[in-house]
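Take a look at these structures.
You will see two complexes here that share chain A, one where it goes with chain B and one where it goes with chain C.
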Partner chain A sequence: MSAATIGKYAAFARISATQASRERNELYGRMAFFAVILGVFSSLWRAVAEAGMPVAADPKSLVWYLAATEWILLSAPPIHIEIQAAIRRGDVVYRLGHPVSYALAEFATGFGLLAVRAPFLGLTAFLCAFAFTGWTPPLTALLMVVPFGFVASTLITALYLGIGLLAFWLQDVAPVFWVWQKLMFVLGGLMLPLELYPAFIQRAAAFTPFPWLLAAPASVVLGTHPVTPGALTRHLVIWSGVTAIAVSWVFRRAVSTVTINGG
Partner chain B sequence: MPRAAAVELNQLSKSFRVRRARGTGVAARLRDLFSGDTQTVSAVDKLSFSIAPGERVAFIGPNGAGKSTTLKMLAGILRPDAGDVRVLGLVPSRQRRQLAFQIGTVFGQRSQLWYQLPPRDTFELLGRVYEIDAREHRRRIDALSSVFALGTLVNTPVRHLSLGERMRCEIVASLLHSPRMLFLDEPTIGLDVSAKAMIRELLWTESEREHVTLLLTSHDTGDMERVCTRAIVINHGRLLWDGPIAALRRSYLKAKRVTLWSDAEHLELTLPGVRVLSSGAYRTELEVALEITPLGPVVDAALRQTAIRDMAIEDAPLDEVIRAVYATAARGGVPS
Partner chain C sequence: MVADNVSFTRALVATNFKATVALRGAFVMQVVFMALNNFTFFIFWWALMQRVTTLRGWQLGDIQMLFGIVAAAFGLTVTVAGGVRHLGRFIEDGDLDTLLTQPQPVLVNALGLRSQPSGFGDLVSGLIFIVWSGQISWSRLPIVVVVIAASAVIFVACGTVFFSLAFWLGRVETVATQLWELLVTFSLYPEPLFGGTLRLLLFTVLPAGFVGYLPVRILRAPSLANVTILMFVVIGYLCLAVLIFDRGLRRYGSGSRFTTFG
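And now, the complex of A and B:
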């Protein structure tokens, strides 16, 4: 890829980041939602522990675990919604007519949004989790969660891109997204570490990318059976490759059979 | 040596598969849920024409005629099912990216501007997309902003622009990379009279100044008359007419509109081929079928009744001419 080509996609990321920084309300909404979620779950884990019910980890580290998984998930912009809207409105004709790859341009646009959201939501996660627990995980754990979480969030953005491209056939990708979201919830270990799930779910999750997107980077803060950076890197690279191949196949199929809405 | 055509279509065809609706009722709707029953709809059917560099061509047809589908095939966005198409010597479906550097597109009902940001941000992005040298790009933005009278609009968020202002910015965005060919799909749709006039004037001027070939689809005959010199009329994806707009009028205008302002309050004209369209005090509007009765005898007949204070002779509006083209085709006639 030449410097000029990289410059094109960097320009998409830049303009998207500029737009995101001007549309602050959505970001503030996400930050507020994040604070509420962490507040509710920190109370829940505390109540569970005080009731003497068995919890696999310390309630404080569970709150930090949730802060990490939610940070990864909420930072990834749901670009499938905008892609679907552009396909339904027919605006996609402009981007398909530009001398760029539509899929890469959309991904770069999503990355620009992610680059704005991640720092703000990360700060929210840190401050809220600290406020609700009065404790922080070791610095080494946090230093590992941040880069791996950002990469995982980027990979989730790429998966949203793949879901969005399905709108070329389906027009409405909401059902696909719902299925994806539920799988993320369960197999990704969004609310609870996978160790707390039945063994068959843990075995099933091992064959999917979901645990490597949420549970694995976030479980570093639990301090129990932490995943090694090498294993995390290896799996994120593998799933990034699989995602890239799948999305580019979907995109090639889409443009070869594309029909554009509206005259 | 003859110059290569800017656009060349030969027997171009495109069809789409659409779901066949079974009808109404619960049973039919349930069957629809599980049925993959589709039908093929032909959008463009063996369409052939060519456009010379620098020409300004109106591409006319009713809704669903295949205009936008043709435009999207010319831009390389859709792939033809059959036939050949070349734009500026390139095959759009195979050389889309190379072609994209040389063409511009304006879709009146779509937008390429970033909604929350000023147009300048989109212009800067397009400079990168089209790999334009930064200094040249700034010069181009300034020049086009001046021609299109954008002024402070370039720094105003798009969401605060009126439709007419936004459309001027959309056209500038499409011209930034100095395209040799511009495809315009309903560029004045929804605009008020003055905004339409401005867009038409600017398109004409820019095409003249930079020798840009224009292919314009519109339902507004004003766009065609003020911007274009040639018309291509299609319906059901097939070519109905191709020639100068003036010739289109001559071929289909078998009648003139004559308005007479007379000393007498009412005129009684009962000549063959003459139809009274409206009759008010001292003013009579006629439609005269020239093949049956020339204008001379009509005027003579009016003068025999009363003195004529003023008179206007007009062609029928282009709308009617185009309706006549469609009607002739619908009757199975061959447009001449």
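And now, the complex of A and C:
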């Protein structure tokens, strides 16, 4: 990819970042929701601790674990909604004729949104988790969560792109998104570390990208079985490649099947 | 007057239902996927409660019952009164114009404008959760129906209040949606997790307590006192919603638009 091509997509990212930084209502809503979820779970883990912790981690580090997984998940903008709307309205037809790839442009737009959301939500995660626990994980753990979490959010954005492109065939991609999201909750270990799930779920999770997107980067704050940066990098690179190939194949198939009427 | 409104509501629900199931494939997919969505989410509680059998007095069966009531009530709400989540946009965009000229009550008409097929998935999975909890006998079936209907009415009333803020504040879609989602979120977690001021909020401003916790208490140990409280609360929130919507409607500015609903 040439510098000029990269520049074009960087412009998409820049424009969406500028728009997102001006229209912050949705972001503030997400921050409030994030704070509430952390509050609820800090209460939940306190209640669980009263009954005896089922995992070799203390309630405080589990709140930080949730702060990390939720930060990764909430930072990724749900670009599939806008893609579905564009396909339904037929606007996508005009976009397909532009001298840029529609799929890459949407991904760049999503990345721009992510770049604005991630710092705000990261700050919310840090402040709320600290307020609810009065404790912070070691700085080295946090320094590892931030870059790997950001990469994981970027990969989740790419997966949202793939879900959005399914709108070329499906009338509504929401059901696919719901199930995908809940699989992410369970197989990704969003709310509970994976070791708390039964063995068959842990085995199933190993065949999906979900644990590498949420549980693996966040498990660093637990300090129980921290994943090595090398293993995390390797798996994120592999799953990024798989996602890129899959999304590009879906997009090519979609473009080849689309019927354009009118003139 | 009341009979006319009931008859109109029945016709509206029937029409919405026909429109919803018209696209059979999409309908079935939304129902199945929503039910799957709810069951997958519940794996979290199932896994946790395999390790911790009691959470401040709540067991897995109680959480299943809570999930069941809230899911069924939510499903009923978005199926029968799906317009509630679009009320803010109707107000903001001036879409109530076409309803104002009709003889039926504007609020009833607006609430019935959108029916979400996924609501059936919530309703079905909710009922499965309730049966699965193993805490309900056939003799308690009428109480199950009553508490689900009561929770649904509270959902509708709260949604009406949240989204009617658009009459005074303009663009409130995001805030109202967040309040609505908070109500749903809090209703899905066991009551003993919350205390102090938050607990007070959950029985007033964000009545998750009346949507989920009180109905669970009624199903666990039916008592006339709790049923009476629930009925008073339902009537209270409903009156508040109608009052706020009517007050807001007096301030409503026409969008001067020609709109077709369907």
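Everything that follows uses one rule, which is that the second predicted complex is superposed on the first by the 253 of 263 C-alpha atoms of A that agree within 3 Å, B and C clash if a C-alpha of one lies under 4 Å from a C-alpha of the other, contacts with A are read in each partner's own complex, and residues count from 1 in each chain.
We adopt the following convention: a residue touches a chain if its C-beta (ideal position, glycine included) is under 8 Å from a C-beta of that chain, and two chains touch if they have at least 3 such contacts.
The shown structure was predicted, so the numbers you read here are calculated from the model rather than taken from an experiment.
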Check: On chain A, which partner's contacts cover more residues, chain B's or chain C's?
Finding: C
Next item on the list: Kindly classify A:L196 by the partners it touches after superposition: chain B alone (first), chain C alone (second), both, or neither?
Entry: second
Margin query: Applying the document's definition of touch, where does A:D91 land relative to chain B and chain C: first, second, both, or neither?
Written below: first
Margin query: Let me test your reading of the model: by the given contact rule, A:K8 touches which partner, first (chain B), second (chain C), both or neither?
Written below: first
Next item on the list: Check whether A:L44 is in contact with chain B, with chain C, with both or with neither, and answer first, second, both or neither.
Entry: second
Notebook entry, point to check: Given the touch rule stated above, what does A:S256 touch, chain B (first), chain C (second), both, or neither?
Noted result: first
Next item on the list: Determine, under the contact definition given at the top, whether A:F126 touches first (chain B), second (chain C), both, or neither.
Entry: neither
Margin query: Quick one: is A:Q19 in contact with chain B, with chain C, with both, or with neither? Answer first, second, both or neither.
Written below: first
Margin query: Shared contact residues on chain A, chain B side and chain C side combined as an intersection?
Written below: none
Notebook entry, point to check: Which part of chain C faces chain A closely enough to touch in the complex?
Noted result: 23, 26, 29-30, 32-34, 36-37, 40-41, 43-44, 47-48, 50-56, 118, 174-175, 177-178, 181-182, 185-186, 189, 192-194, 198
Checklist line | Complex interface listing, chain A residues touching chain B | finding: 4, 7-8, 10-12, 15, 18-19, 22-23, 89-91, 93-100, 256, 258-260, 262-263
Check: Which positions of chain B touch chain A when the two form their complex?
Finding: 16, 63-64, 67-69, 72, 75-79, 96-98, 100-101, 103, 105, 107, 109-112, 114, 116-117, 121-122, 124-125, 128-131
Check: Inside the complex, what are the residues of chain A that reach chain C?
Finding: 25-26, 28-29, 32-33, 36-37, 39-40, 43-44, 47-48, 50-52, 54-55, 171-172, 174-176, 178-179, 181-183, 185-186, 191-192, 196-198, 201
